[in-house]
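Each of the next two complexes has subunit A plus one more chain, namely subunit B in the first and subunit C in the second.
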Partner chain A sequence: MAISDVREYTHLTDEEVEQIGRELDAIRAEVEESRGAADAAYINRMIKVQRGLAFAGRVTLLASHRKPAWAAGAAMLGVAKILENMEIGHNVMHGQWDWMNDPEIHSSNWEWDTAQPAEQWKHSHNYVHHQFTNVLGHDNDIGYGILRMAREQKWHPANLGQPVYNALLASLFQWGVALHDLDIEAIRKGKKDPKEMKRQLGQIWRKGRNQVLKDYVVYPALSGPHWRTTLTANATANVTRNLWSYVIIFCGHFPDGAMHFTEEEIEDETRAEWYLRQILGAANFEGGPLLHIMSGNLGYQIEHHLFPDLPSNRYGEIAVKVRALCDKYDIPYTIGPLHKQYGQALRTIIKLSVPNGFTTSDKPEPPSPDRAPVERGRKSDAERPSRRAELGGWSRKAS
Partner chain B sequence: MAGTIPWERVRRAGSKLTTPLHPDDYLSLVNPLWSTRELRGRIEEVVPETEDAATLVIRPGWGWRYDHKPGQYVGIGVQVEGKYQWRSYSVSSAPKRSGRTIAITVRAMPEGLLSSHLVNGLAPGTIVRLALPEGDFVLPDPPPARMLFLVAGSGVTPVMSMLRTLDRRGSMPDVVMHYSSPTAERMIFRDELDRLEEGHEGLTVHRLHTDTEGMLAPADLDRVCPDWRERETWACGPGPMLDALSEHFEAEGVAERLHLERFSLKLGDAGGEGGTISFRNSGKTVDADGATTVLEAGEQAGVGMPYGCRMGICHTCTVTLVSGAVRDLRNGEEYAQPNEQIQTCVTAAAGDCTLDI
Partner chain C sequence: MIRGLSRDVDAVDAPFAWERDDAGDLQLVARRVTQCALSRICGACAESLGRPVAFVGDDLEIGRNAFHAPPLHLTCAADLAARVDHWRVVTTSGFEFVRATAEDEDRRPVFSPNSLLGEASRG
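On to the complex of A and B.
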């Protein structure tokens, strides 16, 4: 069984599937050839604006005892953190800017302003999530091991608490992400390699410690008597960033139109089939240029999943072509306003907190009843097919 | 001043505020030269030397050491169409500890897009990336009593740095220089060489205009400089000229007196065995023979290989060798330790190997 047996694709012949792959390759080649000075200027300007905002926010907060300064400082810092995580860090770590040959803006050594060490992110996100997008049992981003997000995932009484876990995950998102690559379930079952666990925990500890010290000790201390208000402002900026990135990320794969796949469906998957799965497994949202920048251009989630290592400032123009291609071949293309996409994700979280029998599926194509329920727990790298080329850099230090 | 303030500690303390970035990441937004993360320089002046050559006067930023040895080269990275391109050029200025600038002299090569860009396209104020001086083609300290310089074309630049150093110290030993150039007009530094020759009794310059007078044959050395066998000799110019000279010096049994600077990579006979090269992160593989560099093989396979000078100088192309072995084509050295950093532009596969890219 292959992905072309998924109902959305059964009208396509093998030849058509390959043709779609070639057309998407052509879109990629066109962008690769036209990358140039304007793109380099874009990311450099973005970095400049982001660092300027961060600096201005920190300085303003030295006077955090005044309410307007508190509000302005927290807002600037929050926006700076959002830009750094979404439009800069996430995209640089995908290798979107490696072509510039600039070691200061490179996937191999970028470290972002959040608790998760970049190296672990590049494993859990660039590889595991992007290659096995929405494949049940493979993609750990389907609910992050905390939420039940697919009807195929087995129900457990603990799922009743989902609305609460969800609220906690949203507000503590950076810490959830920080622990994501650890695979806590494997640790609990004693299946995790102790050496690897120690290595990862060491990285998380060092990174998290520096982040906490900076926001909750050093900058408040610099504010002297106003340390308390600076601390609350920094916490507000962090929580704002957490909530925002949580919403954006939940809009990427949890709206109704985004489909789940099974292990069998990705057997012997060709490059063209991988492309098709990315289109069906992701969801876009609509918005103006500012919204797209603030969300790291992840409103173009479909395009990002097709071409994770192409510069994000190009996703808008790529989307026009991809959509035309989907129309031509009658392939579903999920898109909607941000509030609708998030609303659907939230409804799924609530619905799936109870066993399937109590609710009905909202998916355009409900999973067939003969799909076997998926066991909990993750695959190890050894059980996974090896990496594809298009996912961006993944480096790991020797020790 | 620099000695009294512990800059390293200041920077470490500052990084508590800027983590995960460095303080330099913010400071360089105020002044691009205020960063030690990557060496930078600002083009202060572009001085035309001949129709197709120019001297770039560069003011390096933080972290630069001005004590290069006369004759060494530096790497220079320039952003062209958004992408950093790297080349190496000899420093033509004399080293000066209290210096503020360095100078490199570049000739626009007909095929060389970057050299043309450097000569014609760089405006003063442009920020470039730099790599610290390197190379063994240097003037010894103290200099030998008798020296011979054999240079052709833009090969004059490292020797110019040596001559300027000797001139500044006011201690010009017995120096004979033979300088070949197609025409008098294309001779870089010709006026300055005239002045130096006038000012120093010890310096003799032979000028050869090869368009009308033909090339220098190694046998001509007996005529140009009868005691050449007793002189320490530095030669810099096109590959064929250097090949002929080193053959001649070897035949005469004085090979150890000859110091060469090659502007292009001469790969030795020490090929690898060839093998299948796997690129771990991109999942691509390619079969390469023992004469194809890992860099070329990667490019053929469509891997986005980093590269700079393509001659083993600038280290832009360095990647991690995860397993297997490669051989350095310049000297036959083998690199086979796991997770070793290798320069892909000068190494070839010696059996199957895997790279982290």
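On to the complex of A and C.
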């Protein structure tokens, strides 16, 4: 089975699928050609605002023993961390701003204000998640290795604790993300290479230690006798950022309309089919400009998955065209208010904590309901099949 | 083992994105090319890319601004290009990763630099 056989596509001819691809290419080309000074001004302004908020928050917290200063400082710092992680760090590391040739705002250089090392994020997110979006057994973002988020995944008695694991994951999200590329499931099964694990653990330890030192030692120490209130304000800012990023990320792929796929369905995928899988596997949420900025423009998750390296400030205009295209070809385009999207994700977490027989599915039926349950965890890079196994005669010789 | 590879990586003799075929020639491995593109790691040494990003290619690839080999560090690119007569090195700040369409006879993805820096140099 290929992605083009998925039920939602079956009304499309091969030529229509390729035409959709051409129309999406045209949308991409239009943005690439018009990308310029206004976009550069946007990201520079965003970084300036974020740094201003972080500075103001830290300074205000020098007087954290006063309740209004504590509240204002924690709020400013929380917003600064959200902006840095969502609208700046995540998007810079996708290479959305590399075209600017800025020595600092570049995917190679950016290290973000969270516990996961940028290098590991670029592997687990940019590569594994974006290349194998919602493909069971490959994309570890389907439940982050601890939650059962698809009915096709085997149920285990440990899943009964999902509502609790979910609450812990949300509160400690940056630490969950920090461990994401380690692939705990592979470690548990003894499949992880010890040298690679040691290398990754070393990176996580150094990054995590610096984050802890910054927020829980150095800045509190600067507050002198008020160190304790500054520490609690910093912790509040971190937890706020954790909860917010968790909600936004869970709204991207777990609302009812977002489909899951199997390895067979992505075999020999063309660019147009890859585009279609991104549309079917992602979900948007509605909101005003401020909500979209605070969520790193991931309310336009479909557009982000179609064009992960186009500047995030353009996703709004791209979304209008993509939605019209989906209407034209009668392709599902999953969108709803934030509370509805998150509510659906939360309902799935709770329902899938018990075996399938106890609940009914809220999702569109999977393309092959009879397929075998999929093992938990993700494949390693070595196990991941090449969609075109060998390049053979096409390959460049460099001997 | 690095990044899922069951062998050591040597930026020149055993680069990450290539494997030797039966004749001993280095051949690009599609999966690793995609991994380099999205993880933004060097196709030769498999470490995080730097700035500028370098590509190696022949006159045709340079003329079309579409490269088959993955992004590289400048030094890794220069070392690789020194091994192949017809390869030159170009540098860029950013690139687009372009997947093949059904109509493309050559089904390899290509890299299109979007902010070329300076002249291509002979490897």
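We adopt the following convention: the second predicted complex is superposed on the first by the 380 of 399 C-alpha atoms of A that agree within 3 Å, B and C clash if a C-alpha of one lies under 4 Å from a C-alpha of the other, contacts with A are read in each partner's own complex, and residues count from 1 in each chain.
Here is the rule we use: a contact is a pair of C-beta atoms (placed from the backbone, for glycine too) under 8 Å apart; a residue touches a chain by one contact, two chains touch by 3 or more.
Being a predicted model, the structure only gives us computed values, none of them experimental.
Asker: Is A:R277 touching anything from subunit B or subunit C once the two structures are fitted on A? First, second, both or neither.
Answerer: After superposition on chain A, A:R277 lies in contact with neither partner.
Asker: Kindly classify A:D98 by the partners it touches after superposition: subunit B alone (first), subunit C alone (second), both, or neither?
Answerer: Touch status of A:D98: both partners.
Asker: Between subunit B and subunit C, pick out the one touching the greater number of residues of subunit A.
Answerer: C
Asker: Please indicate which partner A:R51 is in contact with in the superposed arrangement: first for subunit B, second for subunit C, both, or neither.
Answerer: In the superposition, A:R51 touches subunit B alone.
Asker: Applying the touch criterion given at the start, work out whether A:H260 contacts subunit B, subunit C, both or neither, answering first, second, both or neither.
Answerer: The answer is neither, since A:H260 touches no partner chain.
Asker: Touching A:H180 in the superposition: subunit B (first), subunit C (second), both, neither?
Answerer: After superposing on A, A:H180 lies clear of both subunit B and subunit C.
Asker: Can you give me the overlap between the subunit B contact set and the subunit C contact set on subunit A?
Answerer: 98-101, 103, 386-389, 394-395, 398
Asker: What does subunit A use to touch subunit B in their complex?
Answerer: 35-41, 48, 51-52, 55, 58, 98-104, 111-113, 207, 210-211, 213-214, 218-219, 386-389, 393-395, 398
Asker: Which bits of subunit B are touching subunit A when the two form their complex?
Answerer: Where subunit B meets subunit A, its residues are 16-17, 19-21, 25-26, 29, 37-38, 77, 79, 81-86, 280-284, 304, 306, 316, 320, 338-339, 356.
Asker: For subunit A, which residues count as touching subunit C in their complex?
Answerer: Against subunit C, subunit A makes touches at 14, 18, 21-22, 32, 93, 95, 97-101, 103, 106-109, 118-119, 122-123, 126-127, 130-131, 193, 195-196, 270-272, 274, 309, 380-392, 394-399.
Asker: Using the touch definition up top, name the residues of subunit C that touch subunit A in the complex.
Answerer: 1-6, 15, 18, 20, 24-31, 34-35, 38-41, 48-51, 53, 68-69, 80, 83-84, 87, 93-103, 106-108, 114-115, 117
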